[in-house]
Each structure stands twice: as structure tokens, then as C-alpha cells.
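Here chain A shows up in two complexes: once beside chain B, once beside chain C.
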Partner chain A sequence: MSSHPSTTEEIKTVGDLPVEKIDKTEDYRIYAAISYFVILIVIGLPLWWKTTEVYRVPLPYTRIAALNESDFVLVTNVTIASLDIDRGKQLASDLDNFFKTSKLFKVHFVVTQVQKQILASAQSIQALELSSVSRRQAGDILLLEVPGLPRFTPSQVLVGRRRIVYFATDTSSVKLTEVLQQWLFQEETLQRMISSMVSPTKSELDLAGRRRMPTASAYDVMVTIVNPDPEKVQLNWDLQEAIENFLSPFLRNLAPLADYNVKSQWLYFVPLQVQPKLVPEQPGIRKHFALSEELLPHIITPLEKKLASHVSQNPCLNFVVYVPPCSESPLYIYRQEGVILRGGVNAFLSPRWGGIIIHNPPQDICDNTTVVEPKPVEADWSKIMGTFLAQLRLLVGVPELDDIPRVSMLPLAASGMRQWELDSLYRVRIMEQLTSAMLTLQSLSQLLGEISNIVIDDEVGDSIQEAVSAVERGIELLHQGNLLAAFEASKQAFLSAEAAFTDPSLLALLYFPDDQKYAVYIPLFLPVMIPVLMSLKNIYLWAASKVRHKGKEKVD
Partner chain B sequence: MRALLFFVTIFYVNEYVQAVRQIPDDILRGNHTNNWAVLVDTSRFWFNYRHVANVLSIYRSVKRLGIPDSQIILMVADDMACNPRNPRPATVFNHRKQHINVYGDDVEVDYRGYEVTVENFVRLLTGRLFPGTPRSKQLLTDEGSNILVYLTGHGGDGFLKFQDSEEVTSQELADALEQMWQKRRYHEIFFMIDTCQAASMYEKFYSPNILAVASSLVGEDSLSHHVDPAIGVYIIDRYTFHALHFLERVSPDSMKTMGEFLAVCPKQECISTVGVRRDLFPRDPHKVPITDFFGSLRPVELGINYLNVSIALPLTENTIRPVKQEEKYHYAQQFPTHLFQTRAT
Partner chain C sequence: MVYSKNDWNKLLKMFTTVWDAPSGPQMFQHCHLFPRALGEVAGRHNVQELHVTLTEGLWRYEYWGFPVSDAAPGAELWTWFRNDTKDVDNIWKKLTGALSGLLCASLNFIGTPNSLSPEYSFRPTGVVKNSNLNSSFVRYATLPREIVCTENLTPWKKLLPCDSKKGFASLLNAGHIHNTNYHSLGLHIRPVCKDAKCTEVSIELRQTVSLVYDMMILGFQNQDWSLRKLFGLGLSGPCPLATSSFIYVDVTSNETGTPYQLQPEPTEVITSIRGGYESKFKVYNIQKMSFTHMLNIVATYSTPKVYAVNVPPVLYASRYIVGYGQERGGIVTKIHNNHWKHLDIIYLENIPWFLPIYLHTLRVVAGGKEITPILKKYVPGKERSRPYSLEVLLRIPARSVTEIYIEFDYVFLKWQEYPPDANHGFYIGSAIISAYLPVGKNYMGLPQAGPTIYSSFNASREGFLLQLRTESLIITLPTPDFSMPYNVICLACTVVALAFGPLHNITTKRLCMKDGNSCNGLLIRLKSMLFKGRKPQAQAH
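This part shows the complex of A and B:
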């Protein structure tokens, strides 16, 4: 049925319908196909992709990779104060030539002239330390020439308690280099620690590092007194007071580095669980008991079960005093070669665990039969606490230094720590924390980059950002030579990196791996998509014919 | 009598005078600082009694040789000792003649029953536990820790079945160990697995310092040892039975090496072939003492000089200790009628 033509033009007909109407129908069909295409593929496909995406906070991958390239350089200022300015300049240039080759340290040397009157008027080195010299920033050293040094000490170089090194006029620059390199900067320790962290399978054993407690923000110090037979030995010791007098000043020095919680306990009826050998009376040697070196680990193992040192999650330093009864005393520790331990201290240390002291009751009380059991034993606190402090220093990370000929140190003060030792400790902890944070971040970025299915939520993203910024800040502060602020930054970096790595959410893989995603969606959508895609061909042909048609019309 | 005393004295002096046993330096100065153990049993149901007996046998040996409970993570998926079908309650034996009660009276199970899941196991290894997890459920190792990992249960080619409902694949395990290595959470790992086709579990490992032993190779089944007619179930697996037999003769100061332990179950005893993976382990197992993994011998250093410390002034004379107010406690009222009393008019 033909309809009335709306125009006065001639209408061609094909069959029933006019040609124009056929074209229009074809056009409408093509328009429908185009709209399907637009909705399904141009809008729908990206929408589907976006909505099935895993929530991942963008991470600073390039910044983390860049951390690998950056080297940690410790900047320190060394002031050389000498009587003769030229001599000072000569020393400075010699030392500078040596330290130019150092990988970790960048040392700036400043030369000043010292006043002779101050040096001459000093009665002793201690007076000199306390008097004139101004405070130095953490990490800096002053090399002070003291012409009258032979008055006080036979050594050529004397390292003080503060950040000052006194040297005699005839000291060579080689000797000063040795002192700076081995004692004050301890570059080898730092180097070894970094290499053992970065490539542990290739580096050799780092003994000092193995002994040093791992980095943590808080430690527990547990002092235990073990009395295996309280019916025979009575200990009326005021442990709290002794800790307050001896340990607390030392731990206050370390307060900026970490929190130290001191606990104490008493254990009764806990025997040694090893059998020491009885050494009978010999001319010149009293009867005593010998504890050989290889039995010592077997003391720690059963004792650990009773110590309750695992109550908190902080690493614990255990210090144990064992008081044997008179029937088992005196108990001496023997070295492997069968030689008694010299130095008068029956104590041993276990790396990263703590130390044990064997405090024998005095012989006169034991021999005196008029004293009725339980026999009271007094504590020799200076010896006991002195040993604990020595062990604590080693465990905290202050290493024993090799002797350099003709170089000596001032003995320790009551606080138990020299300022430059504290500086080295800061440096070690800073490097350890920064290296650890860097390794953690790299491992995390590798993990999260490779597995595209893990959800990275805001918390983890924030922690990672914070850690990266803190590492960069730490490196910057090290360049400026500000040790204390660099330590804060490194601590922040370490804690943030740990928090990001051990976040519980990083385990939950959305059970949505790629092959499963396609396996679910393809059977649903592919049958729909096929006609749409096939109609692309028709659309293209129609569009091409339209263009040709338009062209023809124009020509006509 | 006096002659006897004389001889005894001579004997003791002789003992002392002779050099003490020559122990090689490696044992005394081991590179690790502490020891941990992660012992996992993954099967439930009464007929898997032998898996619980396996893991408890290893737990008992490890504890006897010195690793404290605070450093052992024991995961047992089902309770056999208090199972209503156990005719001998509160005991788990690993031999029908009931020589040893491996349950003991001081067993400390950290993950029990339904807490033994793949997720918890991987969280434990990688350290991604929820905050607030008790310390006994955490693996707080550091870069000086030697860890013994023992898995037992039903397994197949490339997987280990947990709780009859899920499985952990060898790739997941390898990745978890690699995450541990990245964070330097272990020094060396000794990986023991007693399941069917156990060797497939260690084939995908790629982190260094791991020594692995499996009770059977791929394609073989690990077999159980014997049945207890009183209970009616198999009570121990062959490999663990012979391993336990070996460990029972080890004392904390033993000189036995890991090489001997790796050879512990020859084919005629075990019927399946014991597989060993040693390419990731740099040391020679014949030079590694068994206490490096099974016992806990901390290294020891001597020769510390004590510091001459003197207190500047006796602080306690000048400081006043704050007097602690004694808190008074009282019992709560049994019937809190004071809460309901209306105001008396």
C-alpha cells in the first residue's frame, strides 16, 4: 500500500515501497546498530573494566626505585685545633686525603688556633675536658693539640669522654687517621652491617652485628637473681636500689634511641641443670668446681624456660645472677683450653640474649661453721652491676675496640657511655633503620607491582608514602650532618615500612585472577558482542556509500 | 673403703686433667642466635590420629632438646587426646605398646582445631597477623633464627590439604618463604614434610638457606607404620616413626649431624623414597650438628671485663620514694539490690 508522497518530486518505486523509504529504513537500521555499538562497546566496556578493577592506591614506584641509587653519606665536621696554624693545615690536608676515599663518610675539616694559656693552666685532662671547650654537635669531633700531654699520659693520643681527642705535638697524621677511622667513625662496622643486610648470603659473619640487639622502639631489660637453695643461702639484696643506682643512669643515656623497661625477678629452687666437675685440693689451688666452656650453652637452655622473658613483644635482654650454695661453690668458669677464666669475673654473654654471672658466696662465710644456715651472702654490687653494664654495652651495640699502639682512652664515667660512642651508636642505628626501610619498600613495591590482584587500601598507601618521605628526609638530614634529626626520620621510616609490610590486608587476594575474570564474563557477553561487532562492517559500508552518494549529489 | 675413695679421686682428677671433648668450632660458634619450630598437623577426624601423633612426637623431641615453648608454634587441627573415641583419654601414643605418651602434661598448642587454616598458616609465616594477636601465636624470628618447619597431613602433587576443605599449594608455600627471606626473618630453615607425594611441596622453593626433606617423592605415597588394635586406627607414619627413633637417642650435647638425620629412613623401612633438597643450603649437612635445628644452643662469649663503676653519690639517701597508695579491694555485692532500691519516701 503506497502512501501519499509528501513532496511533489517524482517518486521511484521498487515493489510496493518507494525507494526513499527503503533508504530511510536502512538508515534507521544502521543508526540502531551504531547506538548498540556506542552503548555496549564505547561506554559499556570501559565501565565494566573500571567497576571490576581492584581498589589500589597509586604507589610511588619510581621514588622507591630511586632510593636504591641514592647512597647514604654521613657528613661530619672535624675541627683541628693546634698551636701552629700551618701544622694544623698540614694535618687537615693529610686527613682529608685519606677520608676522600671513604664511601660512607664525608668529612669537613676546619682548622683553628688554640690558646696556649688554657692548655697550660689545666691540671689534668679531666679539668681540661670540663673547662673551656664548647659543646659540639652530635657527630662532630674536635682534635685538640695539647703540648703538655706527656705530663698526663704516656700515650701519644688520648681520646676523651666528650667528643674531643687530645694529641701530643709529635703525633703523626697516620696515627690520627687510625684513631678517627677505627675508633671514632667505625666505618668498617657500618660497612659490614650494610653488606650483611643487603646481601646476607655473600657477606661474611658480622660478629659485632650478631651480638647487637635488633632494632626496636622498645626493649625489656630483665634482671633475675637465681637462688637454687634458699635454705642454705640467704640473700637480702635490695635489687631495686641497685638497679636505680647503676643501671638507670646508663639507660637514661640511651633514652633517645629506644625505651628501656627494666624488670626484675627472683627465682628459687632452680638448679643449673649441668654437672660441673669437682677439682680437688691441690698445692696452691683450693678445692673448687669447674664449669667448662662447652657446658655454658646448656645452662641457658633450661633456664630460659623459667625466665618468663617472653611476656611482651619487645626484645628482651636477660641478666641473671646465679648464687650457688656453699656445697657447690666456689664455681669457676674454665675456657675451652682448660684454663680458668682470668680477670676475676665469672660471667659470660650470649649474643642477643643477655648475660649470666656466677656470684660465689665468700669463702670465709662458707668455712665458718658457727654461722648457721641459711648463711647470709652480701652482694658485691659494683662487681655485679659493673659486669652487667659491660655486657649491656656490648649487647646494645657499643663494640669492643681493637688497641692502637700509643693511643688510650679516658676511663668511663658513672654514666657508662662516652659521647662519641653514643654518636657511633646513633650512626649504626640510623644506617640499619634506613637500610631496612629501603629493603622493605623495595620488596613491597616488587610484590605489589607483580601481583595486580592485591587490594592496596588507603592505610597501606599512606604508610608507604610516609616511609618513602621519611627515608628521603633521613638521607637529606645525614647530608646536613644532623644526627639526632636523622635518627628520628630513620625511626619513622623503619616503623612506617614495617607497618606497611605487615599490614594484615595484604594477604587477601581478591579471588579474581585474570583467567577467571575472562572465563566468567566471556560466555555472558561474547554472544551479545558478536553481532554488534559484525554490524561494524555494515556500518562501514553504509557510511562509505553515504559519502559516495553525497559526493555524487554534489557533482550532479 | 679408703682405697675406693682414693681411686674415685684419681678418676675425677683424671677426668679434669684430660682435655675436655674436642668440639669443632662450628658447633660452639654457630652462626645462628636462636631456634624456633613451626609444627603443623593439618588433618582432622579420628582416622587421621597418626598425623596428630606425628606432630606431637616431633614437638616432644624438639622440646626435650631444649627449644622453649615460647619459641614453638604448634598447630594441631583436631583434638585426639580428648576425643570421645579415645579409649585412653588425655593421652596420645605413637606406638601400640604405649611406650611414650607424646601428649604429655605440659603440651602447649598454639593453634587448635578450626584455627588451623591456610590463611592463618601463611599469616604466621609472613608476619601479617592482625594487631592484637597474642604473642604465643606469632613467629617473632629475626635474621639469626634457625627455624624447623614440620608439616604433616594428606597431600598430593603440589598441594597439602588443610582441614579437608582447603589446600595450600607448593607455590604459595614457596612465596611465603620468600617473603620471610625478604624481611630476613630466618637464618636457615629445615623443612620436613611427611605426606603423600611430599617432595612436590619443596620443589618450588627459591629462597636461599633452606634444607628440605620429604618422606616420599612425587608419585609415591607415604605409608603409615602400624595399627593399634585397641584403637583401631593407624597411630604413626613410617617416616616420622623412624625419625623419632633417631631423635630419641639424641641428647642436647649430642655430636650427631644433620647428614645422619637425612639418611634416617632407608627404602626397605619406609617403602617410599625419602627426598632431600639441598641445593639451596650452602653448608654440608654432614657438618651441621643436629642441635642447630632441633635443639637450642645459644652461642656463648667469654672474656668480658667488668666496668669499674662507682656511683657518684648514693642516690637513695637523697631521693624519697613516693608512697604507693594501697588500693582497697572489696567484694561486689552478690545481689545488687542497691541498684533497685527506690528512694525511701
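This part shows the complex of A and C:
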């Protein structure tokens, strides 16, 4: 068999076939080789490549990358209401200068004049709170000059329960800036949170951020009563009613931010698992048991296995009431050697987990030998639930504010939440959700770029698109100063981004290794491709000779 | 509650624990004694009734009589969903997933492809709002291959309010439970009436354990038993949260069989007449006893064991596979009726989708005579989506053995559908035989209204609802060589390549004579190159 080409000049005849005929069959052979090449290489290979390709929806990579450049700016309207319009304008320009350097906040100051009658007719700050001037849009703040503020309070500046800051006439703009920055806007907390999310290794959260539960669309709140020895202590408490009276009004306030499902349970025979130290009776000190603060984490561990839910995927806030039996009471938490926890509150908070309160049975019942075991113990609900509410505020994200001299705020109402606190909570959540959505989208797009085996189906593609546009919309709404709508957008962005990132379909082909693919294809491709590629040489020589032939003919 | 019975050298202990919880819209949000983990699962999935059993071993009806609560080998789960449930299949899948996490069992493998909705066999055991029952809200599934072990016992104990720290649950130590002949854990949730008028409904949870000990296997020389021998330790006291705690010891056989003495003396002796049969129980009221040291109930036999002729119960069944080869087979179920009158039974066959059965081959034969079923309800299976479900209503004649026979095909599965260790075989769940017994002999089941053993005393009714589970079967499906797909690919590719080579050559190349002089083939060129190199060396020699 000869594979080298033979031109017509060299061979005149083969057998009986005339030269013309040989020429023809030779051409047909070359056409056949060409058609093999076309079918297998030109059509077959791309077809194979296309049909075995991983399905991927086109993603908005450029828009995701652009999110990084866009800056989150919280636009806030602050109205300064002053008796003297000039003084108000002066104050506004001073405050404006202070806030120019702010990276996150862009504050618009509006100056208005208030009628003296409104202020004069008000008998107390409470009355002003309820008057029509107090109604503000979410996120906005009214700085109201009250000439006779010293009548009501020794402070110079008083922060109300709604979105109003009352200040005396002699208040400096520095003090007002301080109040706005530290209490109402809490810019540093926001910035710490964002930087810790963007570069978690470099920066740390502040105390408030560490306590705050991570963002989620719904939370479970579980109240657990632990009775380690029901043979000695009997609790006939109406827990359900207490929750309804104390916790529910507060949680109803938070409903726009997230859903809270309250659950409760009773646990028996769950011991502390740490041995409290017995402090013997001394002059002035009764016999009691001491639980040092370092041991507190060990209390949570044995409880943990009874607190998990097999159904709910929401993060859970746990509140535990522990009632020690008489033989181990009173039990006190010690902050350090010899110092009982401040304020006589026998409770502690575990950041991002919940709180535990130790409810000692009353001494007179324990000492009274006529009361037979199990001894009935009554609940001090206002103390228990008051502690839980304070802990819940911290866990939800309302921080404990640093004191500013000569600045105070009105005490909490029954609802347990001030409106401006709610606003700053909105800001925290918007920032957290937008940053988280942005980071999730960026890491997802990076991941998809790096690993080509990941399938992106329509559903994932849709949620990515949705998340991107929700982030863009959220940023836009923040620019408009619409806090509530921005929150909704950020929530949607966060949820869509999470849904896209955790979609199980992404993993479908991830563990399909390349070597297996080749092991399957090589037995077919190698034996077929070698002759086809080899015939290329023949085709080339044939085509070259044709060209030469044509050239010669032309010359002739 | 503990129940103990001595029969045929085997001992049965049974715990029933009942917690009532008020029913309402927020039913499972706030839990006191009711385990919150289970309550959340039931509440979230719109469950009206839930019955889970995890069983190791087979209940031998022929020798042991009827159990208090019946269970199929492996895991068994059946649930009634509330009437307003939408998308039952989906919620059923979620429920099994949640229960699987709760009980550490592989219940998550239950889904629509292996679940039935029987029309007659499973009726709600609790209160229902309207008697208009729609069987599309019931789901039943078994996992006969499930192995029950310590990891199931621990979460089961955790559901009790006293955990395993106090009360009867403190007796349940894994080491002494898993060497029994039979053990079964159960969870049963159902709605019950709160008062006699049934104006309010509450939820009842029954947690059961059934254990059968064989003292001979355990290595004791005699048949004497005691709490310490069986559980490794005595009872330290009742659970303080319980309203009642009793131990019952069945002493009926003392009068007919080998008598035994109980130490300490019981607080009470109860004679119960039920369905025409009298039984005697010795009762220990744990709450009234003083616990200076651990309670250990000891039974001592005065005479050595005498093996008498076994008197089987009124109704029992057995099942096996017939046929040969790897193409066709059949399942035979033998139902023994020892009653003097005919009995009406419902037979439920639960056949997985990979075992197609043929309804026309169904034959029911009793004493050589064919019986026509009163009613047949057949839901044909669908590959990979629905099992075969067959319910047959039969009237089986008095003192007879009825044979139910049906044929099936062995099929090939897709290679990914074979379980690990495919040559072990495939399990087929038990068939269920439901009957309404007219006599109370050997019957220990609880009456519908009562949750505790106590309520079964003197509870004579018109009939006694009995459900029997047959053996689960194991069959070997044709199992392929699992490296086959790769071999097939390689072989097919080689064949294609072999065919392609000559075809390509014939169509693109020409066979021609070669000039002897022009030797410019690759091999010849190589040779000449080699020789070129060697020639000067050779000349040098």
C-alpha cells in the first residue's frame, strides 16, 4: 500500500486504466478524505464540544464587579427647628461642616422656625413627644430647640423616644454633633461592621457588633425553664402568659425587620455540670454558692443538645431560667474573685446565643421546714422578663450607648424600643445585608470563573440577576433617603444572593473529574483521529500539485 | 408503666408513657412535658396522627401471642395528615427528613416511591372531626433493612421529661437491651378527647418499648428472672413528673404452667376478664412504695422448666418466596385461623416498585378450595415513583390455613439504583393482616379509649382490633457487574475504531504495486540510516 502521492506526470498508466480515469479516481479519493475531515473535525468536534458543555446561564459579571466601586451612602434629613432662624442657620452650617468628612452619611440640614406658642403650651417633654411635630419619616431627625429645657431636665440635650432631639438654647454645635454621631447615627459601629465583613482578618467588630445576631429573615426566640430537681422544687408558672405580656409587645415592634417566632419549653433533670463554690457563712454575708464568670460557657454546653430544633433553620435566641434547688441556693454569679455581678442581676449574656438568668428560690421558703418538698417557688416575672428584654435588645442589635456628659434620653416606654433606635437598627441591617449580598455575589462570580465544571441553571441565574438588581436598587434608595424601601431591597438582595450561593444544583457536576472523561473518550477518538489527521498530508500535497498544475497550464 | 409477662421462657417488658398536651392553634409552640423537638416536627408538618416504630427482630405470634403494640421489623412509619394539608407528598418527604434527624434513623429514605396510602388498613386511632375520611391524607412506609441500635434509643429516651435519669427509662441501658430476642421502640401521637363529652381535644403521645428476653440465651442456668438480671440494675424510683407509675406482672400462667414466686410482695392483685378470658396481674404501685434502696423484683420458679405443647393464638401468619431462576417468582402468605368461626380480615401487601406483581395471578386458597375475595383494592406501581399496593378483604373459614399467592417478575435496575452490597439482596416489607377478633385470648392490645395498660383491664368489647405483621422478605435481584458501563464504552469504541480504520483506508487510499528500487518506506529509510552509521565502523575492522 502506498500512501505517498503520485502525480500524473510520473505514472502514465496503471494496468489497463487510462491516465484520465486514474486521475479521476485519485480525485475522488481525496474528496473522500476531505469529507472525512469535514464531518469529523469541522462538524463533529464542535458538536461534541457543544453537547458535552456544562450548562451555564450568562451572568452579569461586569455589574457584579461594578458593585464594588459603588459606595453606600446613607442620606439623612435633619431638620433644625429653632426659635431664631439665624441661629438655626448658623447651627446648620456648623453641623454641615462636621459631617462633611463622614464617609457613610450624607446629611441634609433644613432649618425651620418654630412658633413659641407650641413650645410654651407644652407642659412637659412627654406632651411634646405626643404633639404633631414629633411625626417624622423613618430615618429623619428633628433637632428641636426648647428654650425652657432646664425646667424638665438637668441635661442640656435630651433625646426623645421618637425621632426628636431636644436641646437647650445654649447648646453648642459640638455637643449636637456628638449626640448625632455617637447615639443616633452610630457611624463607627457601621464602619467597623462593614470593614470586618470585607476584610475579616484585618479588623474586628466592636462589642455591639459581636453581640448582635447575624442577619436573617426570621429568628426563633426560645424561652427555656430548667428545673434540675423537680423532686425538691415545684414551679407552677404560667410561662405562656408571661411571654405574651412581656416579650411579645417588643417583638411586635421588630416585626418589620424580621419575623420572630417565640417558643418555650421546660427541661427537667438538666444539671449545671459545673460545681459552684460554697461560700460559708460569715459576718454580714449569708451562706451562698458562687459561680465564677469563667465557668459560664460550660453551663451552655449541656443545655445546647436540648435546645436544637429539627425543623427550623432560623437562628435561635435562647433565654434560659435556671432554678437551683434549695440545697444549692442562693447561687450567685461572680464577676471576679469576690465580686458579685453588678446590679444584683443574677444573669449573663452569651453573644449571638442568648441569655441565662439564675432564679434563686426565696430564702424563707427554703428555710421553712414546714413546707414539704417539692417546695413551690413563685416566679418574679418582671425581674426575669425585664432581664431578658434587656438582653434581647442587645442581641437584636440595639447597643448600650456610651454616656455623653449633660446628655440624657427619655426612659423606655412599654414597647421597649425608641424610634430612632429602630432607625439605626434599620441602617445596620441595610448595610449588613447589602455588604453581605455584594460579597456573596463577588465570591460566587469569582468561584464560577475559576471552576468551569459548575452548572449554573436558570434558577440560580435568576436569583443572581435579582440579587444584583436589588443591591443596585437598595443603593439608589439609600441615596434618596428612603430607609424602609431600602431595607426591603437589601433584604431581597441578601436572600437572593444566599439562595444562589447555597443552591445545591451548583454542586451537581463539581466532582466529575476530567481524567474520567478522557478515559472514556480516548478509546474512540485516538484510533479514529489518527488516520483522519494523517490524510491531511495527502490532501495538502494534492491541493499543492493542483495549484502547481494550474500555474503551469496558465504559463502554457 | 412496665408490663411483664412470662410465657415460653421469654419475657416481655413494655413501657407506656403518655403525655397530654392541650391542642390549639399554637399547639406545639409552648411545651411543658410534651417533648418540644417532636412537637415542633408534628406541628410544622400538619400531622394529625403519627406512628413510628423501630424494631429489631421478629415478633413470633405463634409462640408469644399478641403484642401490646405491633411493629414490623425495621422502621415503620405511618401518618395521618390534617384534612387541610396541601401537597401531602412534599410534606411527607419533609416530615420523614425531620424525623430521621430526630431519631437518628434512616427514615429520610422514605418518600413517594416507597409509600402507600392504604384505604382500609390504617384508620385514625384518635379523634377525628368528621367521619368522612380521605385516604389521600394517610401515608405508610417501611424500611425493613433498618437496623435499630443505641443511637435510636438515646434520642428516644431524650423525649421523656425525666430523660433516663429517673423512672422506668433509667432501666433502659443499651447493653442490656440489645441482647434481647426482640426489641421495639415506638412513638405514637394521636388526638384524644379531653373529657367524656369530647368538647375539647388534646394530644396524646405514647412512647413504647417492647422487649423479649430469652433467659437461656442470656446464659442463666434457670428461668428465674429479676429486674437486675434483665436490666443490669434495679429501679431507683418513679419519675417525679409522672402522675402514675405501675409495674404489672402477668401471673395467669402460674395456675396452669410452671408456678413462680414474686419478691417483694406486690401492692395489689388484679383479675381482668376480657373477651371471655381471665388473666391475673400482680401490681406494683411505684409511687406508693418507699425507696430506701433500689427496687428489684425477683421471680423464682419452684420447679424446673417443663416444655409443654404450644397452643398458638387465634390468628397468625407466615410468608415466604417461591419460584426458581432469575425471571419469575411468587410470594405466598399463609394465614392460620384457629378460631371455631370464620374471620374477616384485611390483607395489605406492600411491594416495592422494582418487583412488578401481576394481579391476575392472585389466588386465595383455603383447604384446597379457592376463595373469592370480598373486595380488592389494587394500586399498580409505577417505576421509580410508586409502589404496588394491594388490599384484599377476605373471609377465611374456621380452623383453616389460607394461602394467598401472587406472582412477580425480577427486573433489572439502573446501575446507580443498586444499594451498596447489592448481592446482599433487596428487602420487601411485611404484609399487614388486620382483623377484628371476637375473643380476647392472648390479646393484650390497648382499647381505643385508653392509653395505658390499666385501661386494658376488664375492657371487654364486641371485638378486638388486631394487626399482624408478617416476616419481611429478602430477594436477590439480578445484579450486574458494576464495572460493566466502562467496559461497554471501551468495547464499543474499539469496535467503532476497528471498523473505521479499514473503511477510511479503502475510501481514501489506493492499493498499487511498488517499484522494488524505490525504497523510501519509513522502515527502509531507518535501516539505511542505521547502516550508514555502521558502515564506516565495519570498514575500520
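Criterion: the second predicted complex is superposed on the first by the 441 of 556 C-alpha atoms of A that agree within 3 Å, B and C clash if a C-alpha of one lies under 4 Å from a C-alpha of the other, contacts with A are read in each partner's own complex, and residues count from 1 in each chain.
Keep this in mind: a residue touches a chain if its C-beta (ideal position, glycine included) is under 8 Å from a C-beta of that chain, and two chains touch if they have at least 3 such contacts.
Note that the structure is a prediction, hence the values are computed from the model and not measured.
Trainee: Would you check which partner chain A:F269 touches, where first means chain B only, second means chain C only, and both and neither mean what they say?
Mentor: second
Trainee: Given the superposition on chain A, which partner contacts more residues in chain A: chain B or chain C?
Mentor: B
Trainee: So in the superposed three-chain picture, is A:N453 touching just chain B, just chain C, both, or none of them (first/second/both/neither)?
Mentor: Neither partner.
Trainee: Just to be sure I read the superposition right, which of the two partners does A:P531 touch: chain B = first, chain C = second, or both, or neither?
Mentor: In the superposition, A:P531 touches chain C alone.
Trainee: Is A:P214 contacted by the first partner chain B, the second partner chain C, both or neither?
Mentor: A:P214: touches chain B, not chain C.
Trainee: Touching A:P374 in the superposition: chain B (first), chain C (second), both, neither?
Mentor: The second partner, chain C, only.
Trainee: With both complexes overlaid on chain A, does A:S312 touch chain B (first), chain C (second), both or neither?
Mentor: both
Trainee: Looking at A:P230 after the superposition, I want to know if it touches chain B, chain C, both of them or none. Which is it: first, second, both, neither?
Mentor: second
Trainee: Pick one for A:A32: touches chain B only (first), chain C only (second), both, or neither.
Mentor: second
Trainee: Would you tell me the residues on chain A in contact with chain B in one complex that are also in contact with chain C in the other?
Mentor: In the superposed arrangement, which is not itself an observed complex, chain A uses residues 305, 310-312 for both chain B and chain C.
Trainee: Under the stated contact criterion, what part of chain C meets chain A in this complex?
Mentor: 29-33, 36-37, 40-41, 44-45, 98, 101-102, 158, 161-163, 165-166, 240-241, 486, 489-490, 493-494, 496-498, 500-501, 504-505, 507-512, 514, 520
Trainee: Using the touch definition from the top, list the residues of chain B that touch chain A in their complex.
Mentor: 9, 12-13, 15-16, 19-21, 23, 28, 31, 33-34, 66, 68-71, 119, 122-123, 126-131, 135, 138, 140, 142-144, 179, 182-184, 208-209, 252-253, 282, 295-312, 314-316
Trainee: Please give the residue numbers of chain A that touch chain B in the complex, ascending.
Mentor: 197, 200-201, 205, 210-211, 214, 241, 244-246, 277-280, 290, 292-294, 296-298, 300-302, 304-305, 310-313, 333, 335-338, 341, 343, 345, 347-353, 355, 382-383, 385-387, 389-391, 393-394, 411-412, 414, 416, 439-440, 443, 447, 501-504, 506-507
Trainee: What residues of chain A sit close enough to touch chain C in their complex?
Mentor: Those in contact with chain C are residues 1-4, 14, 25-26, 29-30, 32-33, 36, 230-231, 239-240, 243, 261-266, 268-269, 305-306, 308-312, 374, 519-520, 523-524, 526-528, 531-532, 535, 538.
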